[in-house]
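Following are the structures in question.
Note that subunit A is present in both complexes that follow, paired respectively with subunit B and with subunit C.
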Partner chain A sequence: MKLLVCLKQILDPDVPARDFQIDPAAKAARRGGANLVTNIFCENAVETALQFREAAGGDVKITALCYGESSAEDCLRKAMAMTVDEACLVERNGNTNPEAAAVGRVLAAAIRRLEQDGGPFDAVLVGRESGDWGVGQTGGLLAEELGRPALGFVESLQPGNGGVTLRRQTDVGIEVAEAEAPFLVTITNNEDNVPRIPKTRDVMMSYRKPLQKLSLADLELDSEEIRDGSSIFEVEEIFIPTDEVECELAEGDTLEERVDQLAKRIHEVVASIG
Partner chain B sequence: MANIAVCVLGSLGYDRAAQGAAGAGRALAESVGGELHALVIGPAENDAVAALAAVADRVVIGANEALRDYQPEQALQAAQQLHAAGGGDYVAVLLSNDTYSQEIAPRLAHRLGGSSMADAAAIRADGDHLLAQRTAYGGKAISIYRLKKQPAVVWLRARGFEPAPEQPSPGDITTVDVALDPPRIRITGRQVAAQEGVRLEDAQVIVSGGRGLGGPEPFEELRELADTIGAEQGASRAACDAGWVPPNWQVGQTGKKVAPELYIAIAISGASQHLLGMGDSKVVAAINTDADAPIFKHCSFGIVEDYKQVVPLLTEKLQSMAG
Partner chain C sequence: MFRVGGTVPFMDPTQATREVFWNIEYTWLVYVLMVPTLAVFGWGFWLKIRRWRAGQPAIRFDRPAERLQLFLRNAVGQGRTIRSRYAGVFHTLVYTGFIVLFLATTVVAIHHDTPLHIMKGHFYLIFQSLIVDVFGLFVLVGVALAAIRRWISKPNLLVYTDEASWILVTIFVMALTGFMVEGWRIAVTDDPWAAWSPIGNLFALASDPLMSDAAMQTGHVVIWWFHLVVAFGFIAWVPFSKMSHVFTAPLNIFTANLDGYGGSLKTIDFETAERFGINHLGDFTWKDLLDFDACTECGRCTDVCPANTVGKSLSPRDIILDLQGLMHRQGDQFLLNGNGNGNGSGANGSDELLPIIDQKTAVSPEALFACTTCAACMEACPVHIEQMPKIIDARRYLVMEEADFPEGMMDMMNSLESRQHPFAGTQFSRVDWTEGLDIDVMAEMDDPHEAEVLMWVGCGGALVERNRNTVRATAKLLKKAGVKFAILGREESCTGDPARRVGNEFLFEMLAKGNVETMQRYGVRKVVTSCPHCFNSFRNEYPQFGGSYEVYHHTQFLDQLLESGRFDGHDAAGSSNGSSTITFHDPCYLGRHNGEYEAPRNLLAKVGGARQVEMQRSRNTSFCCGGGGGMAFVDEPPDQRVNQERAQEAVDTGADVVAVGCPFCATMLDDGVNARRGDRDVRVRDVAELLWDAVGESDQAAP
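Moving on to the complex of A and B:
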């Protein structure tokens, strides 16, 4: 079996709010001192794929794919250090924040190219959303570009009866599904797909694994529409909200007095609901 | 004609989220001088259909029995055919923020040749385009997107919108039979998490716990507090990821978006991802040992103290006030 995991490199989302700034001209966050990291849900997807390989116990090959700047090679190396088998980087030049429709088209073209050379991928795994813009549309749009069925918010893949058994989170609980290859899933996090820390030996080995680089021209996608990446939506405006409120802290000499104040405030609000 | 469609799942009925989506749809329809249509995927209860007809100018129902049991591929096929049956000339197709609507939205947009957008908290027309407002960078910023293609298929933070007003006369109801292929991904099992009381999204009071609780046991103590004031229990992502409480307790960017009258955050620092899930709360109270925790910049009142000292005493005091 063959699995493909899509990765996105983003600005570290754990930058504290006080260090977060907007570049008004670029209509995006200023990088400042922040690191570039792999989007967490993409790493959950890598971990989910690795666990499927372990459960299947047989011949499962995992490829990581990224559409990004040359710096995104780091994300792919890290995925290979987590023991993904091979990687492909489609180098981006142009808009640093292409919308999901353009990304979907580029990823679909790259997937078809990789499939021409190495056979079809049974499953494509995409993070449910990114920690930067978080629009969460890439997986769905990519499924449509590829014409494959899809399921969202999946937390595990297991070998099933002739297919793959999927387990996913919904807003009311858990659903189990049976999927026939080829299909696409978007991956969410749970306590079982926390990304593993690569072993030192595997980090060294990752530099010996194949990393293919493709350009938009290689994929016959070197058009203004794709480079610009704003065919269906674009950022009109972005700003930092200033809705901080004044917090009234409980005061008093003793804990008893302070908690009493807090209790009265809570009681007031609860009583007003009726 | 520039009409607006609100697309709902029949099995979910006309709940608060659908009411909000219809409300957003009506406001948009008025601003572009068009009608509001409701597209219903699958059979719905009579009272839900009547409630939709009361607020929409037209209701189109894909009533195949097979659609009662949600399957993503079939729901998409139905949505696409309902879109055509409703006239197909929609400026926008709006959906709620349940799991199913979220996963359908981008794929429906692609099939209709439109724009897709997620988690919009506000939406308005601007010339031929729609502008949708949402959060970005884990809640650190607000972004406004220009949606350039029609229809704009958008799922909304639906409970944040006022319910749609009833119209002077109810809209026409049409039932259509949609063509469905057998799905290649089939949902075969559903386990609804044990739900005591109301859904977190609809709760009026929520008591949430975070990483600072250090384990699953303190949530029992919080339960006592919650029971005292008729609250539901929630948690931060850290507490859910650690397995202390079920994932469906999670409030935040990738969890529930709640809007209670009172939200009590206990041992939650207030990372922007969490604030994003509770930002619509009317009143926020915080209990935290760290006076510099971001939660104190987003609450009306609070106490800088260890929850272990505060919670038992607080529960006792509230019990005597209630009694």
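Moving on to the complex of A and C:
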């Protein structure tokens, strides 16, 4: 069996509030002092795939795929340290478009290329959403591009009779489904798919393993078109919301007076907010 | 009725002596028996030495002068053994008794088997009779005291084995039978020098009215041979029992680690190592293996272990003893497989090599991950066994080979890997604390070399709310004293201490190399830090990665500044600390690991005349706050919290300020003191904060 896991490198969502900066002109977050990390749901997806491989006990091959800047190599190396078998980076080269539709097209093209070379992927795993924009559409749009059935919010994959048994989170509880390849799932987190810490030996090995790199041109995609051509939304403005606290003390000589005053002011404020 | 020998005036004391082997026939049998005795003795030790030699290399015969000094102090001089009063007393009695009795036997041998008939005259009377009798009594009393402890008071720290009891019985019997034969000889021969052997003489006086000369003479022969057989048996047994410590302990002390506990972890060559960390005996160094055999089962290490004290399963004594047992059980298997090449995998039956980490023994993952690396065990061990580095060796295996460790440590390591600090979810950046202080950041300086000192802030100082005031106080004090310093700001990464103590040596090495590179870029020579963990890494560990600096803990540096009058004009005595009582908590990595106990106390002594009180466990016996070894990142069970145990001790001194010198101690004790202070107002404050209160100006905070 062959699994493919998509990864995204994002700005560390745990960056201390004061270190988070935005570039209003570019309408995007600035790197500033923040670190780059693998999106957590993507890591959950890697972990889910690894656990599937362990449960299947045999011939399961996992490939990690990332569309990102060259720094995203780190994410792929880490996935390899977690013992993913192969990794491929599609280099974005400064093309900053964050849009799911564009990303979906690029990933689909890359997947088709990888399938040409190594045979079809039975399952494609995508993180349910990313910790930067949180749009949560890449999985669905990628499934559309690939023409595969897709299921969202999956938390585990287990080898089932003949196919794969999926557990997915829904508003009313856990749904268990049987799936036949090929399919796509978006992965959410639960306590069992917390990404593992790699063994040191595997970390060292990950730097010795080959890592395939593809450019948009290799995939016969026009980077201009990828940037402009698939917009389904536009960022109007981006800003950091400010908390403004105004403090007013209720005045009065006695407790009663102050309570009266307070009640009056609450009335006024509520009325003014309307 | 009275026998008064040596004082009879007509007798010439220069002629005093006695007949060796009086009443004994077939003395040649002694020599015949001695052969197998010594053979077994030699074979036993040869087995041990062969086993040790199967270990990995370690350099432990360098610096002979220092080693000799240590040997004289703590082996010959029993420096550490006597730290414990009761055990110190009885051990000294038995130890000195053994030495004297051994010398006496040697004297007999020389007298009898060589032409040197030295056993006569004043030497015979004073040494061979009087002194030997007194020290023989020492042995009896010492063993009796030990027996009272083992059989009556039964403290927890001992291991209650039959072997230990038999050792006491055997030694007692040897000493007692020695006095019996001496007494009967005196009685039967009417020894004119009897008064010089007071204990033997007592025995003679007691036996005389009860027994005939013939009975005594027969008794003498029987007991004499019995004494000899027991003694020879004991000698043959020594290498197979904990009595082997008589030889292994001095050797272990001679080959002890001379570099302090702070520099006691091994480095790993990741390029060549076949395994990371240790899970097989053969991967230990010969010195580690010697450690196992040197253990006297005294239990002092476990007695002082903070994790053990609060009820966790960690027991350094049992770790050492279980590994010793494993080593003995594994015997030749271990030799074959662990033959020093670190290669435990292969065709030669390696599957039977038992792992050292075993849920069913004291070396369980749970116990290993309870260690705070405080080194109290190492400081307490009378024979200088190195327990903590072995715990780290095993942790390394679990972390790097098995990726198996507690959850809190996992988050910490994840954060270290992706954010170069261990505090996942912190709300602060590395420079937030500098707000309003105008502090130079090396990267932003025209000439970073202008900074004479690098103030190393440390993750615990910059990123944990509670400690930002400490680093602010330190920076303000440096400024006030006119020190030209700068910080690395965002370029600072964790020194790697938490990674190293948890066992992730690989991560530590990456962080260390990164920091050394950054500091090299700015030509850093002198470092001041308020974190003892960073301090320890710089001082003892970074030199291995090419980073050698003049390193100061902030209390050391501030103490120097204060001494040289750099805070003059601001009389500390007038400060608001005047009325408080302060107790200082020694951080493990400043005190035990690096031997600095005075600087913080000196500073406190000058802080506004505050009264200093000491906790019962202080200085080298200080009790860990519970935060070292990555434990600050682990949730301890509510009833097993090391910090609360320590906080209680601090609160019990009656102090209203608990002074600390470490960001980890500060947070751990803050929590602990809040849980244990009751209605009293007890506050935890860094020495730098207190000093700033005393000598600072405008933004003084009331304590």
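Please note the rule applied: the second predicted complex is superposed on the first by the 235 of 274 C-alpha atoms of A that agree within 3 Å, B and C clash if a C-alpha of one lies under 4 Å from a C-alpha of the other, contacts with A are read in each partner's own complex, and residues count from 1 in each chain.
Heads up, the rule we're going with is that a residue touches a chain if its C-beta (ideal position, glycine included) is under 8 Å from a C-beta of that chain, and two chains touch if they have at least 3 such contacts.
These numbers come from a predicted model, not from an experiment.
In the superposition on chain A, contact is made by A:Gly33 with subunit C only, not with subunit B. In the superposed three-chain model, the partner touching more residues of subunit A is B, compared with the other of subunit B and subunit C. Of the two partner chains, subunit B is the only one touched by A:Val176; subunit C is not. Once the two complexes are laid over each other on the shared chain, residue contacts for A:Thr200 go to subunit C alone; subunit B is not touched. Applying the stated contact rule after C-alpha superposition, one finds that A:Ala17 touches each of subunit B and subunit C. Of the two partner chains placed around the shared chain by superposition, subunit B is the only one that A:Ala263 touches, whereas subunit C remains out of contact.
In the superposition on chain A, A:Glu54 makes contact with neither subunit B nor subunit C. Judged by the touch definition given at the top, the superposed model places A:Asp222 against neither subunit B nor subunit C. In the superposition on chain A, the residues of subunit A touched by subunit B in one structure and by subunit C in the other are 17. Interface residues of subunit A, counted against subunit C in their complex, comprise 12, 14, 16-19, 33, 35, 37, 196-201, 203-204.
Within the complex formed with subunit B, the residues of subunit A that make contact are 11, 13, 17, 20, 22, 29, 100-101, 104, 128-129, 131-137, 139-141, 143-145, 149-153, 166, 169-180, 183, 186, 188-191, 194, 230-241, 244-245, 247-250, 255-256, 258-267, 269-270, 272-273. Residues 270, 276, 399-403, 405, 410, 413-414, 418-420, 424-430, 432, 490, 504-506 of subunit C touch subunit A in their complex. The part of subunit B that touches subunit A in the complex is made up of residues 72-73, 98-100, 102-103, 105-107, 109-111, 114-119, 131, 134-138, 140-149, 183-193, 195, 199, 201, 204-205, 229-230, 240-243, 247-248, 253-254, 256, 261-262, 264, 272-273, 283, 285-287, 291, 294, 296-305, 309-310, 313-314, 317-318, 321-322.
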